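Same chain, two partners: chain A is paired with chain B first, then with chain C.
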Partner chain A sequence: MAISSATKAATDALAVNRAPVSVGAQEVHRWLQSFTWDFDKNRTKYSTKYKMANDTKEQFKLIAKEYARMESVKDERQFGSLQDVLTRVDAANRVHPKWNESMKVISNFLEVGEYNAIAATGMLWDSATAPEQKNGYLGQVLDEIRHTNQCGYINYYFAKQGQDAAGHNDARRTRAIGPLWKGMKRVFSDGFISGDAVECSINLQLVGEACFTNPLIVAVTEWASANGDEMTPTVFLSIETDELRHMANGYQTVVSIANDEAASKYLNTDLNNAFWTQQKYFTPVLGMMFEYGSHFKVEPWVKTWNRWVYEDWGGIWIGRLGKYGVESPASLRDAKKDAYWAHHDLFLIAYALWPTGFFRLTLPTAEEAEWYEANYPGWYDMYGVVYEEWRARGCEDPNSGFLPIQWFIENNHPVYIDRVSQVPFCPSYSKGASTLRVLELNGKKHSFSDQWGERMWLSEPERYECQNIFEQYEGRELSEVIAEGHGVRSDGKTLIAQPHTSKDGKLWTLDDIKKIGCVFADPLKAL
Partner chain B sequence: MSTSANSYNAGIMAKTGKDFADEYFAEKNQVVHESDTVVLVLKKSDELNTVVEEILLGSHKEQNPTLVVEDRAGFWWLKANGKIEIDCTEVSELLGKSYSVYDLLVDVSSTIGRAYTLGETFTITSELMGLDVKLQDVARA
Partner chain C sequence: MSIVVSGGRRGLTDPEIAKVILDAIPDKPLETQRKMNYFMTPRGKRINEYETLCCYTQPTPDWIPGGLDWGDWTQKFHGGRPSWSNESTEMHSSDWHRHRDPAFRWHALYVKDKAEEWRYTDRFLKAYSADGHVRSIDPVWRDEVLGDYLGAFGFSEYGLFNSHSSATRDCLGDTLRMSIAMIGLDKVDNAQMIQAERTFLAKLVPGFDESTDVPKNEWTKGSIYKGARETVEEIWQGTYDWNEILFAGHMIYDPLFGQFVRREFFLRLSSYYGDNLTPFFINQMQLYHSQTKGITKDMFHTCLAVDENFGDYNVSLMNMWSDKWLPRTVNAMKDFMGIFSKIPTIAGVSDKAAIEAALERVFDDWQRDYADPIGYKVDTAAMIKTVLSGLK
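Coming up: the complex of A and B.
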């Protein structure tokens, strides 16, 4: 009987490239990767201005069997710990209440990042042509699905086993009113999945993962342990065991374009934009969560940043690529200033806008104020005095009739939202790298906090059309907006967010907010 | 307390307050500086605790005295000049059970440098794999 041409082609190929006799994983990997396709006619949905080489390698040489076995062992260890010993010792109730609140933000936001990374790496799989490179990206797609589940699970665990479930459960319903959500989506969503495929890889893998997952997923576990949280190290360090392959994927993306002429033209700009995009949000938010969301301090955030971002990512990743034309990011000077001060600026605003959150915040104690001043000389005169005034005016007590945002209004310190990063800033009361810039397009004003975002906006303004909360709710009363945006607990009246974590403190309700009569106003309209 | 230049709190990290700020904001530190070091984060586990104590702090430290290992609560933090290499055949003998390089990867949490596997060996190196040095495939049986 005659055989089909397809069968003959397969038989001929096998005759030349015989299947390995052994079942050694890396031998099988080498054999699988030798089967390549004709990519001349390959049509990718996601284009890139770079040409990705066809012979890029995968550093970890994974095949599906070893991948699945490895990941199942990780899950057995993680879920075994959580469901056995950590539940038995009531670990979730041993967490310091301040840190419990930080994990509402960290894990819920990371979940969004992981979810978007599924799409991002699927896009990269589509764009790459080298079989090994595709294999690396494919493994990452599967990892990101696992991580999304892990982040969801840790919030479920905190909500079910621990203290103050509100905010651990269903935080996403508050996404319209919380000013931190939109910035998070800029770094964790838009930056990963929109635009040039290689530029997305630089955002996700070379900067997001190789740089910022180390503070976000590794260093965070030191802070967690110090504050009684043993669940987060169990889950996050397991997540990070996949991240090293993602960092390798990002590096191999750069390897794959290193000999392309486009790299010498565009790579440094793309790297700087990605670095600024990621740091603009992660630097202040992580610093705020670590320092202001903990009782026991591990070290000043600026030191964590200096170690993982500046010295190690900067020196070992970017510095080593110098001979291939990769330059130190032009925005590094401003980023370093932000790493020292921007989280203090952000906490001041976050606390002032506390009713719009899905977590409880607390003012620094006298002991903490001493720690801040010792580690950030000049902190007290800028921030400490303000917190003392807010506390004296009863900002924690619903009967005080005082919301700290009133202090900004009374003292003529308008709060703006940066159009590109969506991060709130107060240019007249800031020690970070933020300064006010306002541009007008088609009769609409846009505020910017720095030259780097402004440059990105100028090159593609249509990309940054997201409404901020001041535009979205202009003229609306605050309690009405909170109710509409699902910012209340299951009783339908008590806010999820609170300005303290005290068990004895009174909880604010919609009525307490309504009595104050706070109305949203767009600061750009006053210019 | 370690005095190695590779320790977790070496150099500027040992400074506090104004001294730290002065060096942090110094003009020379407003650009990245190339580093020949590598960083490895190992999740604490039965196997990895043994690898750290018996291999990395044993024979590996003798071969590469720049290696520093620090206990950071949930993980071991390692930094060294050049490279860190773990041969899982050696680990397997030590543990008395089959232990492949993929078993090791279950608990390798983070890497700063170019990490790769070849056969049963895990390596993290400061070399630019794929650019300066070709990534190898396992030899044909």
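Coming up: the complex of A and C.
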């Protein structure tokens, strides 16, 4: 066999230097942009009014194997902590009961967001034309699988080792009963995957991840730790290390469309809609979970919100995108008002509907009431007095025959569901900015609580047709609905949801609920 | 004590806080059922960790079979198309949550395997280079076959990788979605490994061209991969049904074309041309192929073909899809035969008889593993004859 000049050169080189040589991830990645080719049908299956540039780069230049190495190292640390030291110190049984309940919701609902983000980033991987941009989204697809599994692991861990497994062990089945579920699906599920691909990216990456993962995934670890929970910080901070890459993906989405004419026409409207969509649910729900779902308080939610959402995101992050024509959302000012009172309004309703949950809720103690009043002056006169009345009427005691939702009915304070956000609100008993707006289309009434959602519905009502729980369950008795939704513990009769976390308190059963005879009614029918 | 905690005090380690917490905890657990997802039907005797962490994460309503939620989607596409819908595929299932990765790999297990492969790749390449193995590779094989045609095959893998994007978006089950994303990542990994090998060779062999220009030209304009390129383009962007994408790619094209190119051409022939570098990479691809085969056979054979309500219909559809994708794949293999005129023939290895034997192995495997389970009647001898007609 004749030896080529190249082989001879390689042989000569070896004679001089036999240093081991390998190939680094970056050496492979630098060719990635040339992996694609043009052909007639090469277009996305998901329409977008924007045009993503063909030469968009990604910031985290990973190849498949290097991605796996990086994640595997993080997994070793995380699961090592959980399975070793935290188990040996019985950490799951050293979490305050109120926080144990909050994690039933936080971890499971975040799991839904992470899960839907798999599909969302699959859509973006399809929509992008530049291989590097596709690669960035691909990395996120895999991350979101990781996060889905991680969130599941929290519930799995608490179920296996903690003080109250119910709700942790079946959240994926029982979560659909209550009033918080549909709103969560809007922000964490459909908002990420159903729409213009770039609009979905804005929802997921530019708002959901760049704005709300900081309070959701970082701030929550401080609250968890204060309340004895070291499992959540172990897992969530590991999740957050990936979120940086996702925020970079969102940034690159904007970069990729920056020179497209459509961006100057639509981008700020899409951003405003996405921000309002996300904040409408997260602002009240996160504030509620932190403040009402904990015993030990870290700081008022309004301060956390102001730091992460208003200053860090609305100011700095969006400011960085200013050179691409991005402006802070017009709805940010209204959201700031929500950050003060909306979570208090929501907890009042959530507690009133406690039997539909898959977690236990707790009325504020006297000490907590003082904290609320000190941080939210006016809290007591609006909410404190109501909780005192509910407690006096025996709302925690199954023998009382009193469910707080009765108070709303007795006092003519109907609870509506906002058609677009699916968040419940009570316009006649609320300190937040909610106002009732009712519109009718094809003989069906729709309620709205703010101008931003109403505008979205007015321009595209066919996107928001989902029934709410009052429509779905209208005319049905409450215990029947709970039983159908599997809202009971393994004895087949005791509710998973309870209106207290007292270790001495009696637990409510289906029979206790049935005796009350509470029947769902659609408040829109009364209008 | 005060309920306000500042300065990073931790409830687990701060004695004062810990006491309050422990006093509030019930004396005994409130619930005895500690098994997460206890309500589900496991594939084996017990619910395993993979099933616990993955199953029922998909929040579909019950009108998509297997869903536990109710009602409509809270936000739809512009115009009112639903987030996920039964119409996204012609296949029918009584439960879209049935699929299992036979290896029960959730994310942590999946990346652990791949991370080990990466570390071992790094060690292998260092040893290979220090040992001077590169001197033994036949220059034609190295410069033309590895440089150009292996490089061009990377585009086939990259195109198949991209065919998983819409399937990852549109599929109707959680274990499906995770499996699809993972087998998609394996495909881009293959494309990247091919480029890694070419980059590695460029470091060792002065003048070896690691650029993708020539391979891309071969892929887009050459005759050897013409049929393959057209088939991959159709799977990637011409097909909307997510099940058909997976079926075409993983039940027809890759087990035939992909297996012949990887196993019977590059892997089998490389050692005859003094190349023991390529088998290292191709063997990793073959591992991924084997794992993917387990996954897609579970999707189509274990779940859809024997579905209690739709099994017969699904099998008919799979037969129709086989009719559609098989001729294109055979044509792609026929075009690929042109590569044998580019290499020095080795008797018993790359002559016509050896090629025919290799084709028989590939078609026999495919018939046994993919066609027979759905009762697909196929004349493999005729197909092999068609493929061989492509020999120059």
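The rule is short, and it goes like this: the second predicted complex is superposed on the first by the 496 of 527 C-alpha atoms of A that agree within 3 Å, B and C clash if a C-alpha of one lies under 4 Å from a C-alpha of the other, contacts with A are read in each partner's own complex, and residues count from 1 in each chain.
Here, a residue touches a chain if its C-beta (ideal position, glycine included) is under 8 Å from a C-beta of that chain, and two chains touch if they have at least 3 such contacts.
Predicted model only: the values in this text are computed from it and were never measured.
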**Request:** Figure out whether A:Thr11 sits in contact with chain B (first) or chain C (second), or with both, or with neither.
**Result:** second
**Request:** With the two complexes superposed on chain A, say which partner A:Glu27 touches: chain B (first), chain C (second), both, or neither.
**Result:** both
**Message:** With both complexes superposed on chain A, which partner does A:Ala176 reach: first (chain B), second (chain C), both or neither?
**Reply:** second
**Item:** Partner, of chain C and chain B, that touches more residues belonging to chain A
**Value:** C
**Asked** Counting only touches as set out at the top, which of chain B and chain C does A:Glu66 meet: first, second, both, neither?
**Response** both
**Request:** Could you look at A:Ala392 and tell me whether it touches chain B, chain C, both or neither (first, second, both, neither)?
**Result:** neither
**Asked** Which partner does A:Leu527 reach: the first (chain B), the second (chain C), both, or neither?
**Response** neither
**Prompt:** Does the superposition put A:Ser225 against chain B (first), chain C (second), both, or neither?
**Reply:** both
**Request:** Based on the superposed arrangement, let me know which partner A:Tyr324 touches: chain B (first), chain C (second), both, or neither?
**Result:** first
**Message:** Under the stated touch criterion, which partner chain does A:Glu111 make contact with: chain B (first), chain C (second), both, or neither?
**Reply:** second
**Message:** Counting contacts the way the document defines them, which residues of chain A are shared by the two interfaces, the one with chain B and the one with chain C?
**Reply:** 20-22, 27, 66, 69, 73, 222, 225-226
**Complete:** Within the complex, chain B is touched by chain A residues 20-22, 24-27, 29-30, 56-57, 59-62, 66, 69-70, 73-74, 77, 210, 213-214, 217-218, 221-222, 224-226, 233-234, 237-238, 240-241, 243-244, 247-248, 251-252, 255, 258, 300, 302-303, 306-307, 310-322, 324, 328-329, 332-333, 336-337, 340, 374-377
**Fill in**
Counting only contacts in the complex, chain C reaches chain A at residues 3-6, 8-12, 17-18, 20-22, 24-27, 29-39, 49, 52-59, 68-84, 106-108, 110-115, 117-119, 121-122, 125-127, 129-130, 132, 134-135, 137-139, 142-143, 154-155, 158, 162, 164-170, 174, 177-178, 181-182, 184-186, 188-189, 191-193, 195-196, 199-200, 203-208, 210-213, 216, 219-220, 229, 233-234, 236-238, 240
**Request:** Could you pull out which chain B residues touch chain A in their complex?
**Result:** 8, 12-13, 16-18, 20-21, 24-25, 29-35, 37-39, 41, 43, 45, 72-75, 100, 102-103, 105-119, 126, 128-131, 135, 137-138, 140-141
